[in-house]
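Sharing a structure here in C-alpha cells format.
As written, the chains take the letters A, B, C, D and E, and residue 1 is the first residue of each chain.
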C-alpha cells in the first residue's frame, strides 16, 4: 500500500534519512522504532510531503506521491498525528473534528451561502459523525472545551480523532502513548486495535513504549542514524542484538510484564 | 425555518424604523450620513475580518481594493452612455476581487509581517497608479459623481454582506479558513489546500471591499486616491481587531462604536485625535481580545433569549 | 494550596513535603494537576491560598527569578527549549543566574559527557532537534543552574527505552550528589523504583502518600498506574 | 427646516479645517488668520450690529470627514456659510454638502482649477468660492516670468504627484511655458512628505536646465533649494505661493537662498498700511511670521464680512451667495480681489525673489 | 558615470536614514515579535528633544544626542509599561493596535503642544561639501557622519544581542517567555532594556535626520517609520544586519528608480521590486526561512 524506496533526506549536512526502504501492507499495523533522532518523525514528514526527500521515491496505492503537496496526499487517504501536538488550539474540541471532514464535503460555496437543503443535510451528517467519533474516544463530554485546555493525554487522543475524521486509509501515529500512564496506555492500545477494525485502517506507528509496539504491531522497522537497521516481527526485533544495543538496552523495562 | 423568518422580520423592522425616522426628520441628514458611514464601515470591517480574523492573513491593503471598486463605479456611471449604478457596483466588486486574485496568488505565500508589507505595497501601487492616470483625475480625483445609491441600498448591501460572510464562516469552507489561521501544517495534513483558502478569503474580502468603495463613490460623490491610502487600511484593521479578530458581530459593533466615537469627538476639535488615540489604547487594554474576542453574538440567540425572557 | 486557572480550580488544598536529599515522585492520571503543582512551586502560577516553603524561606510571594536563584530548577512539560538558539546557547541560559563562569564551563562539559548526542548537535538550533534530543537538552539545561531542588515533569517522555533507563540512572546520580528531586512520571514503575517517597494525585487532590514501597503495593495504585 | 435660525444674536460662520492629521500645518495656520480677522471685526462691533461667532471643527485632514463636518455645519449647526478647507480635495468633498444644502463654502487656499466647476457640466458651482488664485493663473504667471524676465528656454520641473496643488501648477506651467517657446527638459515627481530630493536633482543636473520650477509647499521648497545648491545646481529655482513662508529661506540657509523666485499674493515689503498692520499684528499675536495661509484666510473673513454687509442679511444664505458673486475690487491684504464668474478670486500676483534668504519684491503681474 | 556614482551616494545616504530607524524597529521586533508602530514617532520625539535641547539649552550635537537618547529611552520604557505590557499575553495584533494608538497619540499630542507646522533644526555642525571629479560628485560631511554612525550602531547592537548576557536573555524571552522565567531571567527588565535601547536608537536617529534635513515636524516619523519597517522586513525582520542591508537596498532602489526610471512611480516600482524579491526570499534578505520542524 505504501512503499518508500531509497528515501534520503538531509538537512544542511545532517543526514536524517539514508536510503530508507519501508513497505507497509494494507490492513497491517506496522511499528517504526529507533533511538532519539534516528529519523522516525522525518519519515512521517516525507510521507506527507512536508519535506521533499533529496533522493528516492514514495508510492501510495500505485501512485507516486513523492512530489505531491501535503493536502493532496491527505486527500488521497493518508492522515497523521504529530509528536509535538498540533491541534487547532483556540478551537473547541468539536470544531477540531468538524474541520477535518472538509475533504469529504460535497456542497459548494454557493450552497453554503444559500443555506440550502443540501448544505443543511450534509452539515448535520458531519456533526453526527463528529460526535460519534468523540464518544468512541471518551471526549464527547469535553466537546465544547478549547483544545488547548485539555490535559496532554486527551490532546493526543483528540489528534487521533481529528486524523480519523478525514476517513483515511493509512494512519500515521507519532508517539501516541507519550504522556500516558500504563493504564491509559492499555486503553489506547485497545482503542487503536478497535479503530483499525472499525475503520478498516492500515497503521504506521512510532512509539517508544515497547509495551505498545510489541503488543499491537505485526511488523516493526528499526531506524538508527537514518538507516533501517532491522525489520521483522516483534519477537525477532526483541532478540535482534543490533536493536538491543542501539535502542532497547539490556533491561527489560517497558515490556508488559 | 421559524428562526429565519424571525431574523428577516427583525431586519425589516429595523429598516422600517430607520426609514420612518428619516422621513419624519428625527434622523436628520447629519445623523443619516453617519449611519451610512457605519454601514460602510461594517462592510469593510467584516470583509477584512474574513481575511485577517478568520483566515489569519495579516493584510494592510484593504483600501487598495476599495479604490478599485470606487474608481470603477465612478468611471462606469459617468460614461457618455452610463451603466446602471448597481451593475457598475457589481463590476467594481468583481474587478476588486480579480485584483485580489492576481495579488493574492503570489503574495499569499508570504507569512505574517512579510505578507503585511506585500499587501501594503500592492495597495500603494494601486493608489500610485491611479494617481498618475489623468483619465482618472490623477491626484485631484473625480468629483461630482452622480448619486446612485441611498440609505436603502446601503442597508440592503450591508445586511447581504453580513449574511453571506456569516454563512461562509459557518460552513466547512469557513472552518477550513479557520484551520489555516490556527495551524497551516495541521490544516494541510487533514487535506485542506491552504493556498486555495487563503486566496479564496482574499478574493471574497477584496470583492466586498470593492463594493464598499463603489458605494462610497456612489453616495459621497467625490473620490481621490488619497482617500484610499494606507491609513484607511489601518482604520479598517483597527475596527477588526477592536471588535475581535474572527468575530463578525465584533466587527459590526466596533464599526458602530468607532464611528460614533469619532463623530462625538467632533465636538472637541482641538483634542479630538489625542482623545481618539487614548480611547483606542484604553479599549485595547481593557479588552485585549477585542470587544467580543472570537465570540459571536447571533441575532437568533438574542431573539430566543428575549422570547424566553418574556 | 489552592490553584486556579481563571475560574477553574486545578488544585484543591494540596499539601506536600520534600525533604532534603530525597527523591519524591508524584503520580496521577492525565489532567490530575501534576504539572500545575510544579508550575506553582517554580512561581509560574500563584496559589490562591496556602504557601510554599523552601529551606524555611517563604516562596509563595516570590517571582520565578528569585525562586531560581534560591536553588530550584524546573524541567517543564513539553521541554520548552529555546527553538531558535543553539544547543550551547540553551545550556548557557540554564546557567543564567550563575556568576561563576569557570564552574559553568565545567558543568557544560559534564552535561555533554552525560549526553554525547547533545555534543554532536551542539551548534544546531534546538528547534530542529528530535523530540528525544530536546528532552535531553531540557534536562541538561536545568542542571546547568546547579539546583538544590530539581523539578522534573515527565523527563522520560519520548525517550528511547535505552535512554529511559539512562535518565533514571542520571536522576539517581544527580540525587546522590546532593540534589533533591521532585519527579513527575507516567512511567510509575520506574519512578517508584528510584524514589524514596511518593504521592498520588487525583483530580487536584492528594489521595495517597507514603514510601515508594507502600505506594507501590497499594492495590488501587497497582491497578490504576502500574498497569496491572 | 434648513434655514438659519432667525433669533440668533450672532452671525454663525462654520469653520471646516485640517487641524490635525496630514496637513494640519495648513489648517492650523489658516485658523490663526481666520481668528485674527474675526476678533478684529468683532472688536469693531461686528457686522450689521451682530458679532461673528465661529463654529470650528477639525476634519482631521480626512476628505470624508470634511463632508461629514460640512453636513453638520449646514444642517445641525445652522451656520450662514462655511469657511474652509485649505486643500482642494477636502474642499471638493465638503462642496458636495454645500451644493446639497445650498450653503456657500469659501476656501482660503484651495487652488485646483476644477474646484469651483462641475466636472460633469463644466458650469460654475453656485455655492463654491475661493479667495485665492487658481492653479492655471499661477502656472501662467510663472511661465511668463520665466520666459520674459528670467529669459530661460529650458526648465526642469519637480512636483508632488500626490498633491493636486502641485500637479495643477505643474500642468499649467508646462502648457504656458511650452506655448511661449520654452522646453521642459525634465519632469520629476515625488510623493508627500518626501525629504530626499538628491536623486531627482542629480538626474536634473545631468540635463542642464536653465531653471527649475518646483510648485511645492515650503517644507519641500526649503529642502529642494538646499539640496540642489549642495549638488552644485546654481540655476534659478521658481515656485508658487507655497514658497511664501520664511521657513523656506531658513531651511535652505541664507547662503543657498539666492536666485529663488516665486509668485504669491502680496509682498511683506508692500508699504500699504493694511499689509504692514496685518504683519505687525500677527507677529505680536503669534510670535511668528505670517505665511500665505494666514494671509488668505485673514482676507477670507473680511471678504465674507463685506459680502454679508452688502447682502444686508445675517441669515440668508442665498443673499450671501449673490453678494459673494458680486464681490468687486475688495481690498484685502493679499490684493484687490474680484470674484469672477468662475467664483475664483481675480487679483494681481506679486513675484518675490529670495536674496540671501531675504524676501525682496520683484514685480507685480496683473491678471 | 559621475551621475551614477552620485546617485549611489544619494541612495546610500537615504539608505542610512532608513537603516538607522530600522535598527530599532528590528531590534524590538526581534525580541517581542510585534511591530512597534510607534517607533517612527519616537524618532520624531527624538528630533524634537534634540531641537529643544539645541535651541533652549544651547547644547552641542553630542549633548543633543544624549538628551534625545535618554529621553526616548525613558519614553520607550514608559510606553511599553503602559500600552504594551498589559497585552503581553494577547495576540500580537492587539498590541499592534495599541501601538497605532500610541503612534496617533504622539503625533497629535505633538501637533497640539508644538504646533503642526514644521521647525527648522539648528545647524549644530559646520557643513562641508567635498567635491570630486570637477565638482560632478558631491559628498557632504553630514552624509559621511550619517553613514558611519549607522554602521557603528549596527555593529554595537548586533554585538549586544548576539554576545552579551542581556542579549541572550532578550532572545530567550522572545522565544519562550515562560521557559525564560524558569531560567531566572527577569522578563520585565529584559523587555525594558529592549525598549530602552530600541527607543534611544530612534532618538539618536531623530536628531541625526533632523540635522541632516534640518526640518522637523510632528508627522516626520510617519513615512520614515513605514519605510524603515519595510526595510527591516526586507532585510529579514529581527535580523540586525538585515536592517542595515534592507535600509540600504530600499534607499538605493528608490534613488535609482527615480534617477533612471520614472520618479512618478518611484514608490510603486520600489514596492514592486521589494515584493518580487520577497517572493524569492520569503523571509527577507538575511532572514533564515527555517523549515519548520514538525
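Definition applied: contacts are C-beta pairs under 8 Å (C-beta built on N, C-alpha and C of every residue); 3 or more make two chains touch, one makes a residue touch a chain.
Owing to the predicted nature of the structure, the values given are computational and were not obtained by experimental measurement.
By number of C-beta pairs in contact, D-E leads when D-E and C-E are compared. The most distant chain from chain B, with centres taken as the mean of CA atoms, is C. Separating the centre of chain B from that of chain D, both taken as means of CA atoms, is a distance of 36 Å. If you average the CA atoms of chain A and of chain B, the two centres end up 41 Å from each other. Centre-to-centre separation between chain A and chain E, using Cα means, comes to 47 Å. Distance between chain centres (mean CA atoms), chain B to chain C: 50 Å. Among the residues of chain A, those in touch with two or more other chains are 11, 41, 50, 82, 84, 86. Counting partners per residue, chain E has 108, 111, 264, 267, 294 as the residues that reach two or more other chains. Shown for chain D are the residues in touch with two or more other chains, namely 19-20, 161, 191. Across the interface of their complex, chain D is touched by residues 3, 6-7, 10-11, 13-14, 17, 108, 111, 115-118, 120, 123, 129, 131, 135, 138, 140, 213-215, 217-220, 222-223, 254-256, 258-260, 262-264, 266-267 of chain E. Interface residues of chain E, counted against chain C in their complex, comprise 165, 168-169, 171-172, 175-176, 178-186, 290, 293. By the touch rule above, chain B contacts chain D in their complex via residues 25, 28-30, 33-34, 37, 78, 128, 131-132, 138-144, 146, 216, 220-222, 224-227, 262-263, 266, 269-270, 272-273.
Listing the residues of chain B that touch chain A in their complex gives 164, 167-168, 171-176, 178-179, 182-183, 185-194, 200, 294.
Residues 29, 35, 82-83, 86-87, 89-91, 93-94, 96-98, 100-105, 107-109, 111-112, 226, 229-230, 233-234, 237, 264-265, 267-268, 271-272, 274-275, 278-279, 282-284, 292, 294 of chain E touch chain B in their complex.
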